[in-house]
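Same chain, two partners: chain A is paired with chain B first, then with chain C.
So, the complex of A and B:
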């Protein structure tokens, strides 16, 4: 690195340089585009989207106020990073990405209204956004009516597929089945206690988990299944029930503030997670920040990405992320999935040679992103991603240590037969 | 459901379940006390109660960080400092709010509901802007974590016992202040007849301010204590507000004893039902029971006898 770049930790040049470097693994695999050769706007934009000769506008639609801000902040950060990196590497079809950010304010009607604004007034070529299923369900009719493109980052319950949405997180079967097989095989787990917050994602996920446990794992059974209202903070009674039934595995899909209460009380009640196997699909590094690493150390999480993944893409991504958002920020599964959104959109647009929504939607299946921090991903015909499923073990420092990953990419199956 | 278990196992579970109920009871009393003072004594519906609690939680978090940084030797005992600071911070904010907002609304009790709800939104966003949208983790000293091994199979959470002890202490203190100190007499005098109290030389404005401050300060201490069992984030206060109002309203708004009795009955119902049913169902049945009882006794369990 030149002397000039070393001047100050925050010098803009150094930051740009690092951004650029972080994007290198991704860029090297892409066809080079330069501004001089950019195709004419009339060719790449036939439907009146906000595309000029030098710029293309996309939307970012997340909650930065309200209850969900806690979760969605990471996604916003990742999307901005991806956009900055794409711009540093030449943009999309020779056009810089300009983003318009709207706040869904943790309120589903607001999400729908802002989605309409982004599509109708701002003519966004794509929107990166939403976090909860409720917000996605609220904007879905808007995206279908006004023909927009949504890149949705959260792992979710499945049972949905739309021409206008690319789901960059895992759907339920991808996240659940591999983890249950793993815990059954390596820990010899036979009895499972299912817990969840009381809304659609945990309930659907536990339904799939129960079907899999009872139908596909030899001699395994569910010894308890319970749901708690969102925001529930007292878990002592259920912890006593767990102590009484002594399940091999506690399978927990608890979200939000309840999560923190659950793990703190579990530890206080003397359940040692190094002896009692606990498998969760709802605690990313983001959540551990609030729970406290010492309270959850020893638990297993099953998802597709951990900040600690040891590969060149991820190292570059993590360091670029920390450069942009601070040394202390952590990166969870959804944050990484949100980072994929702008990149997948760029790759798809370049494959289609057009910003037109219909062409982008049609070109999406088969698009591969080799620079993904989680490794290689590819878009399936059903607009979900092929991805690996991984199991990590929580450490006291708030990070996960990878203990298992599937050998192959797991096929997304949003409408699983025999699991509904 | 108990056929497969040995008698010893069951005994241990029931003992622990008993403690779970008592811990829940303490949590309810602790979070409701501040509100009982403000709502019960002043008639102010303070929707921002949860946010005053979270202020206490954030103060605890900051104290924990500061102590770890500057005086690590103090860490095992930092929680007591944190609770004192939480009391002061929430109490001071409460007095400020009373001065700036509440005192103009005493004659319009329903408007306090809207005003304090707005205040709660403002405070939430303020926490989000200052501390960030993500939850923060409050680190506890080693001795406050884990559980106390009473027998081979009975484990009692230490933080639960801590909350119980704290609740008893604060309840006694509040009862003393309200019923035996001369300031408490003034408070009760103002509650019963504001004009008359003013006429005999009580500075009613000052009494109001300190009463509100005391209620908020206790909320701050509760928030500080709840960092041991719950989450600390900008909107975490919302997790407690419904239960808090439930306890106070069910107990009979103006009665401290009612608050305690109501916390006891709600917590026992909740924790017993939760053990035999699922968490959501337990909540549903508890709420239904409360609604039914309030239909028969709208004034709550214990009401002051007043001539109407």
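So, the complex of A and C:
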């Protein structure tokens, strides 16, 4: 970077131009191929992050070994795709993104150790990572202490908000309320049986679901609520109880491998999901891959994204993803949310005109991404995303068919009043 | 029949080398991030030292040391969490003044067993006593009934699994699978700063050496001899009139307390505690550190913990997708080629050369050959 370029950037006119560009996301999305325009490193990086004249380093922190690897691999793939696409279109503030990948090994303390390494040792300008709430809770103090920026992709229980995290998945109310309203309205559902794996996300989600069912749906009630340890595979007793109580809706938040046993046993017990309404918020296309489409066909899932969404952004995304990672890969809700991370970061950095964490955090609210496969998203003041809630019906081929979507974007509300 | 010299010459060299490394070389050569990682590795060395006494000398293989590591860690974490959950810090909750995860689980008052952890002295006592008494109960129940060997190992493993499930299941009281996170201050002193990490490192190393000396003391007394005798021929010891069960209980409790100190230091160094240290996998990993270091050698346990964890970090940083294979290969290689671990390599290959160099083969290190010899299996 020459001195002339330095001066050029510092001139008021140039600044105004940059700010003008940042205010118009449509323009910032145009490919910028000329690296000569890049502003000087000393200007865009005043806090010693790993930014050079041509490169900026970000971290990818997911489990690629251990029990969570099967879920998190999709996120890693989506993030790498996004980074490659951003680089192909000129990078961020004229700099190519270089990524350092670390393995959280499905182990929360390892996540904390690696997060610290990415921030302290590698000075990453941003980190895309984590999947489970436990891993996020483990790294959160690290990001706050060393002032890093985390883009977290998973739908989660809410009750959290941090300057140092952008939550690109849904918090609990965004995933739950619209789905319950829909099932109440279209199916006339009055009785609900709540199921979940026993940890914070299903418990908090069911708590919100129960408050909504009992407080906001006319005449509706919860007829049962049960939890199972992670990895549980014997659902026969609860399936018998369901047969006895005959709820209008089975509301299932069972995660991971337990899903395979649950849906197979449900089918074996003669519960036909085309007659019995089942609504889940924990089964994406990735999980169906393991469960088998024929075992879950007919169930409804409440998400913000399905691979089958019919819009131009999504078609381009799906074909690029398959081209990079193979025809057989499926794309679930979280994978799409992970894809948003690098893009939102790029747009925010260009809006802020700086890689500095404080400036990026401050510039985040209001950043919108029109190229999102799910349609359109915008970052809220509370660092969560405005997005639509959608209901899909599982088909035997492992895909969801969209049956309902909210008309407007749903406001994220991580600390919902009246639901706590 | 305590030996005239507390350390023989080769042990003294080992002791001094470790002291120089931990007190001088590492603090001077590493930045605070890496030093903090070393501190984390060393917390496992406490468990390793306990295992040398309990397994190496006493012949009691415990696959549940994570239980005691976790109990010590949880005791410390509960104190730190209460301090971090002051009414002022938690005013957005529906019940301010209790830990955040309790509030999420609709608890409205602090459970009774959390209350003692408001006090720092009581916490320190609990860190030693809770795991100690737990080990005493398990030990008494097992050894008095002459449960030993493989059965004991399986039972300790089951206890580790039970405790993990209990902690995860009772998330309102324990933080569940997330563990106890977001710990900030110790008695008003911010443990997250670089300065604090530096001081904590030295506190830990001092404690580690205290444990090394305590373990060496146990080894050299008559007690240590009886442990070895028990391992080799339990019945003969019993017929000689010793209460075998009591000695075993002692060794097991000592190992538990060492592990608990490690766990408490872990919480301070890393800043949180979670059930993932209590379960079967971490417990077995801790046994592996000791095996790699050499289960007959107190210093070997420290070196084993340091080197295996160092390998773990550096392999996973370089090969995020393949590192587990590398680590596995390393274990297999060490166990196959050097059944006595690193300390075996030292004793077989390095030590003779050192002795020859100084021309003093007669002196010293065979004094303890009974205790140092490889177990007959």
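A few comments on the model shown:
Going forward, the second predicted complex is superposed on the first by the 387 of 420 C-alpha atoms of A that agree within 3 Å, B and C clash if a C-alpha of one lies under 4 Å from a C-alpha of the other, contacts with A are read in each partner's own complex, and residues count from 1 in each chain.
The criterion applied here is as follows: a contact is a pair of C-beta atoms (placed from the backbone, for glycine too) under 8 Å apart; a residue touches a chain by one contact, two chains touch by 3 or more.
As the structure is a computational prediction, the values presented were derived from the model and not from experiment.
Touch criterion met: A:234 reaches chain B, while chain C stays clear of it.
More residues of chain A are touched by B (comparison of chain B with chain C). By the touch criterion defined above, A:319 reaches neither chain B nor chain C.
In the superposed model, A:186 lies in contact with neither chain B nor chain C. In the superposition on chain A, A:286 makes contact with chain B only, while chain C stays out of contact range. In the superposition on chain A, A:65 makes contact with both chain B and chain C. Within the superposed three-chain model, A:198 lies in touch with chain B and with chain C [touch as defined at top].
Comparing the two complexes, residues 64-65, 198, 229 of chain A contact chain B in one case and chain C in the other.
Chain C meets chain A in the complex at residues 31, 33, 36-37, 40, 92, 94, 100-101, 104-106, 165, 168-169, 171, 176-179, 181-183, 192, 270-272, 274, 276-277, 313, 316-317, 320-321, 323-324.
Note for the complex: chain A touches chain B at residues 64-67, 69-70, 72-73, 198, 225-229, 231-234, 236-241, 243-244, 256-261, 264-265, 267-270, 286-294.
Here chain B touches chain A in the complex through residues 5, 9-10, 13, 16-17, 19-20, 23-24, 27, 125, 128, 132-139, 145-147, 149, 155, 157-160, 226, 228-236, 238-240, 270-272, 274-275, 278-280, 282-283, going by the rule given at the top. If you check the complex, the residues on chain A that touch chain C are 64-65, 101-103, 105, 107-110, 112-114, 116-117, 120-121, 133-134, 137-138, 140-141, 145, 157, 159, 198-200, 203-204, 207, 229-230, 415, 420.
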